[in-house]
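Labels run A, B, C, D and E following the written order; every chain starts at residue 1.
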Amino acid sequence: MKLEILLAVFFGGSLLTYLLGKISKRARDILAVLVLLFATAGITSLYGKSSTATLYTGFLDFPMVLSIHPFAWIFALTIAVVGLCAVIFSWLYIRKKGRTDFFYFMMLLVIFSMIGIVLSGDFLSFYIFWEMMSWSTFLLISYNRGKAIAAGMKYIVMSVAGSLAMLVGMISLYTQTGTLVFEGISGSLNSASSGYLQFILILFFVAFGIKNAIWPLHVWLPPAHSEAPSPFSAVLSGVLIKIGTFGFILLIYGIIQVQVFVNLGHALFNVRNLLLLLGAVTILIPTFIALFQDDAKRLLAWSTVAQAGYIILGIAYGTSESLSGGTLHFFNHALFKSLLFMVVGAVEFRTNGVRDLNSLGGLIKKMPVTFVAGLIGVCGLIGVPLTNGFVSKWLIYHTLIVNHSPFLAFVALLGTWGTILYSYKLIHHIFLGQLPRKYEKLQAAPVSMKVPMIFLSLTVFVFGVLPGLPLHVINLSELGFGMEPLAINMWGVVTGSGSIQMLNIATALILGGIVLWLFFRMGPKNTRADQMDNYAAGAPVPADRYQYSVKFYDPLTRMIAPYLKDIADNFYSALARGIRNAGNGIRRIYTGDVGNYALYIILFLAILIFIQLYWKVW
Amino acid sequence: MVNPVLFIVVPLGLAFAIPLLKYISKKIIRFVPALAFLFNLVFALRLIPVVMDHPVHVHIGGFIPPMGINLVAGPVGMLFVVLIALVGFLVSVYAFHPVKEKYEDRYHILYMLQLTGATGVVLTGDIFNLFVFFEILCLASYSLVAYLGNRAGIESAVKYLIQGSLGSGLILIGIGLLYGQFGTLNMADIAGRIHSVQPVSVYVPLVLFITGFGVEAALFPLNAWLPDAHSSAPTTISAVLSGIAIEVGLYAVLRVVFTLFGISNMMGFFLVLGVLTLLIGELCAFSQDNIKRMLAFSSIGQIGLLVFAFSLASTQGITGGFFQLASHTLGKALLFLAAGYMITRTGSMEIASFKGMGKTMPFTSLAFTIGAFSMVGLPPFMGFPGKFMILKAALHDGQMLTLILLGFILIATVIEGAYFFRVVQVLYFAGDDLPDRERAPAAFSRLVPIFLFTGLIIVLGIYPSLITDLLDASALELLDRPGFIKSIIP
Amino acid sequence: MRKLISIILLGIVATGLFMSISQIPFGEPGERMGDHFIREGVKETGATNIVTAVVVSYRGFDTLGEVTVLFTAAMGLGAVIGLVRRKKTHPVIEPASLIVYTGCRFLFPVILLVGTYIVIHGHLTPGGGFQGGAVVASAFLLMYLGCRGKRIRENLSRGLESLGGLLFILLGVTGLLIGGDFLFNFLPLGEAGTLISAGIIPLIYLAVGLKVGSELAGIIDHLIENTDELSE
Amino acid sequence: MEIIAGILVLLMIASAIAAALFKDLMNAVIASCIVSLIAAVLFYLLQAPDVAMAEAAIGAALVTGIFVIAVKRTKRFEE
Amino acid sequence: MNFLSEYTYYIGAFSLIIIGLYIILVKKNLMKVIIGFSIFDTGIYLFLITVGYLREGTAPVFSKSGLDAGKMVDPVPQALVLTAIVIGVAVLALAVILAIKIYAHYGTINLRKIKEQRW
């Protein structure tokens, strides 16, 4: 399957879905899924191949090149799979909302541009697909009006700033090396001074950092995720965030060879240390902010920011083990985070729009399958063994500890501790606890939503038990970057200082489970106490009174909240206010009085003449 | 191979003929401007291949250049003639719908004279002739700004007139000084003799020209007239003013700076002036809530960007500048036409009143969005190659000052993105309480130009190499001063 | 405060101008484009009044531009006024005193004659289209101020205007067809000094005089006629 | 010859300043008419008969006529 | 003394220009500003003609046969001024009409009060 055919058919398909939508809604839904299936099949057929193809040379005689290599293959496959599940999920979710054709067209356009970014072989096509992704995401974020408009505005302004920084970076690379194609640049970049490389890195750091929501640049993510329609937030936080990661890997490992990157800049101000520090901060602060969130999607959004921190740690560390840890964590995070968003989306769909954790509860009886999917997703998020999160986190911890950076390891562990807390809050508030009266007649999630959820939970398990599958492909990509691959086998990783074999862990857990089950069966049964006879002195206690999943972690919140105001957010709103005031101030120049305007003209003339009289400039 | 003088004479003749045509039939008057500029467009396009290798020189009255007036139809001139004819033709098609019932013929005459003046400024090779055509352009613009006769129109026209004629007076003094110094009025002749005189004595005329033409080209301190004039003029006129009049003013400044005086050490000043204009234009536009005023301030911003691009004084910079100029002309004309058409529907110019226009006028709002995206410089549209080339030239230039100014340009572009996307959001996503505007039958004559502009913006965005060779030739003509002089004064 | 600022600025501008003036000596015969016109002016164009030769044939395009400027001003004036033509009769006009009335009626034809003389002899003696046209217009001004109620018919002045303009352009275009250059002097130059000489220059100046006279009269008519009720 | 020119120039400047300072607009219009008349005479002294005629006919007569009509239509006194 | 006699016309022209500019910048009344423009233009025309003047030159018209071409004043500035005067009239006529319409709309022609179009 040639690359440009894949992209052309994909784009044509998305256009067709839009037009078909005008005719029949059913046909459009099916076509959307077909297009995505075609894309997934196309990408899987490209497994292991490395090929390039020039797409278009009309643009100011810069060639637009497409190229596939194992590293890009992982990203493309993840995007396609998550996109497919999201579109299937949104069949029912979007039906009763307005402008459905627009939604499907934009959804397919976002996925198309992401795959385009991942497959692009030169900076020009990379930038063009990047911009198309930006403005189609903008249109999707502001899709359901109301608060979404402010979120969309914040997103588009930051992404325009980011892409401009990237444009400048890419063109200065062009002036330095004379070409925009990645191979050409990496080939002739070794002559560049380290100062120039740092300048380029800073520019690209801003562009990818905004997309990757690294700590100071993450401000747009929480409002964008919580306001966007759920299927799209699944794609948004599952995969779209990771395009920044793809950019980082491409830049650090693909273009500026990793050895150069590691010892770039003198001891103190070393770009790698800066990135690691920011990764650590990105893990810490958002995790604890996530604790306070009462809106399910906002909680998940903050958790995405936190998990991105892990990935940045993995990538910025520079060893092959850390890279594979980071990439694997990206892969796993995409799976379980989109799963979690789908769970919340299903709940939201059924309770038509309720996302407030305090008013949900006890849905385990009504939506068992969603509960199981949510549980598995949360386990993946925390990194419980037998789920894929465990393997990638282990790899990251292993590299941090083995390579003597205790501070980062401590931060990572603290982060995981926080993750456990807010994940439990999520599961508990939605599924456990007392079922409020108004949800008595709640049905389970519809089939079209259950299928993607079940599929994603299976993948979380399969890659948890058999991490070898993704790791093998990651090894292939590391070979591409010229780094020595990890020693892996189907069940896990074997390294000099400790290895993990999922086979042993799985058997141990299963045996433990059986033993536990036996104890439970034979042990004394506890009696079932009727709810009514309790300490309320016989007065009937309304069921809602038992609703105790309200304001979880309140004491912890009161303790930490004062220190964790979101400094970055205040900074940006202050910046926006500053620009608006400056605008109003400068507007005052045009006073409306013609005398002043004539004075300005003569002033301009006098200044020019004065320059000549005084300094004999010319 | 048509004689370039006809590009000025045919529209002028038709303008003179309109009062007589009125006796024959009132209705055909609307089609006369469209006919004139179609003629210009077709023959200008046919002339471009000829002009690409050698500029066409026309001697008025048969006298050789230093004695008589000559027209220089070089690549720069022809680029502008094509732009003027294209925008003129499409806007006149837009104006088939009667702007104001009475005085229909006067509107069309003034409109044709305005564009004839612009074509004259662009083609002439003699500074006094440049002044006369510049005056025609300004005078027609003053009357057209006041055309609607409402309170805002008259006030803006008076202010525009006072500033404009102050500028023209300064230009006239400059011409007097140059004639006193060199005894000739032909641009190439003066350019040849400039370096025979020690520079101090030639500095004052240069400054007078920059100020005089700068008023029309909307450089920073001189552009106080632009927001009022563009927001109170009729739609078609603000489209022409923003699309053509400022660019022609900028052309005049360029011709003075590059060809006439050929100075190089003032470039730093122009770089700073351009970025200052850009920042102020974008900041003021950010805090506007009247859509035409916002577009007017964004024109000021874009002119600042153009001045920055041209003052890089490298072939790449000037080619990028010309491309961005063409994209601004087409983009801004599209934005004003689309906004104007929507204003006729909403009744008020406030951005808030455009809520939910995405549903009632889907095609126009789509066109407006494409125009806005092109202005911000998003890839598939024409703004992107323009900004791309300017950034390439600036980075190629590499001095510290240029890089700092580049930072400011990026900030300004982000601000520009902010206020354009705000309008797009109001169009499509604002408010569920849609005012119940039924979808009136769209006036065909108003949608055709909007579609053609959008098509052009997309095609040139995807395949910019279509016009880059013409732009390279014009950049060469501007920079290669001795070649220009030798081609006119053998 | 504004006075002080403008005085300072104007001071700087004045010094700048004076600095550049000192380069141009007053009255010294530098080498000028004008010397060529003086030497070959009569031979090339046949007009004895060199200024007219320069205005019409050497720099004819300027004059075409010039006439367009006046045409734009007249059209602009008409558009801005949004003239609502009231009925012919003015409600009450106390007639000017008898002496002024008869004086005007007597002077009007004389001024007209002087004006046309100036226009026709443009290429021989000082004067020409612009000056003659202005004199004719001042004759009409006199008529308006002197004796009320007299109006030139609107479409007559409009017709004359566009006729003059079209004549000018037609002469230019025929010059282009015959001689290859716009405004080429295709008629025989005739013997300098006589009335019928200097090719198309008198014709052009006639067209210009016609146009300028009717245009300025039109402007005056608009100004006086304009009633001050709002146009919209 | 020089003295006449000098006097005329002084007169012209004086009437220009008067035009600036007069509160009554009609006086200012007349002052500006004097300026252009003297300018016409100066043009004559500078051997430019064409321009003198044009300045006299247009500058002095028509422009002043237009200004008088304009002052008639608007306020007579400044402020 | 010879400086004055040398540059009388230049001094006259430039003082007119400066006074005209002063009126435009300082005066509040729109009619006064328009009068300022008229003075400013007259100053420019005077300057243009003085540039083309020759000491003891004769007018560039061959009315009599005996005139020699050497001592003639330069005709080109005169041609320019002819055109510029008519442009000046056109602009002033438009300015006056606009002043009248401003008065009809605002009831005043004090520029400090006509400030609706700002910011």
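Methods note: a contact is a pair of C-beta atoms (placed from the backbone, for glycine too) under 8 Å apart; a residue touches a chain by one contact, two chains touch by 3 or more.
Please read these numbers as outputs of a predicted model, since none were measured by experiment.
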Q | Neighbouring chains common to subunit C and subunit E, by label | A | A, B, D
Q) When the contacting C-beta pairs are counted for C-D and for A-C, which pair yields the higher total? A) C-D
Q: Report the chain closest to the protein's overall CA mean, measuring from each chain's own CA mean.
A: B
Q | Cα-centroid distance, subunit B relative to subunit C, in whole angstrom | A | 31
(Q) Counting only Cα atoms for the centres, state how far subunit B is from subunit D in Å. (A) 38
(Q) What's the distance between the Cα centroids of subunit B and subunit E, rounded to whole Å? (A) 29
Q) Using mean CA coordinates as chain centres, what's the subunit A-subunit E distance in Å? A) 70
Q) Of all the residues in subunit A, which ones touch at least 2 other chains? A) 587, 590, 594-595, 598-599, 602-603, 605, 609, 612
Q: Provide the list of subunit B residues touching at least two other chains, using ranges where the numbers run on.
A: 128, 132, 135, 139, 142-143, 146, 149, 154, 157-159, 162, 166, 173, 180, 183, 185, 200, 203-204, 207, 227, 284
Q) Multi-chain contacts in subunit D: which residues touch at least two other chains? A) 48-50, 54, 58, 62, 66, 69-70, 73
Q) Of all possible chain pairs, which ones touch? A) A-B, A-C, A-E, B-C, B-E, C-D, C-E, D-E
Q: Would you tell me which residues of subunit E are touching subunit C in their complex?
A: 6-7, 9-10, 14, 17-18, 21-22, 25-26, 50-55, 57, 59-63, 69, 72, 74-80, 82-83, 85-87, 89-91, 93-94, 96-98, 100-101, 103-105
Q.
Quick check on the complex: what are the subunit B residues that touch subunit E?
A. 128, 132, 135, 139, 142-143, 146, 149, 151-152, 154-159, 161-162, 165-166, 168-169, 172-173, 175-176, 179-180, 183, 185, 227-228, 231-232, 284
Q | Of all residues in subunit A, those that touch subunit B in their complex | A | 58-61, 127-128, 131-132, 134-135, 138-139, 142-143, 145, 148-149, 152-153, 156-157, 160-161, 164-165, 167-168, 171-172, 174-175, 579-580, 582-584, 586-587, 589-590, 594, 596-598, 600-605, 608-609, 612, 616-618
Q. Can you list the residues on subunit D that touch subunit E in the complex?
A. 2, 5-6, 9, 12-13, 16-17, 19-20, 25, 28-29, 32, 35-36, 39, 42-43, 46-51, 54-55, 58-59, 62-63, 66-67, 69-71, 73-75, 78-79
Q: Under the touch definition given earlier, write down the residues of subunit C that touch subunit E in their complex.
A: 2-3, 6-7, 9-10, 13-14, 17-18, 21, 24, 26-29, 32-35, 37-39, 41-42, 48-51, 53-55, 58-59, 62-63, 65-66, 69-70, 72-73, 76-77, 80-81, 124-126, 128, 130, 192-193, 212, 216, 219, 222-223, 226, 228-231
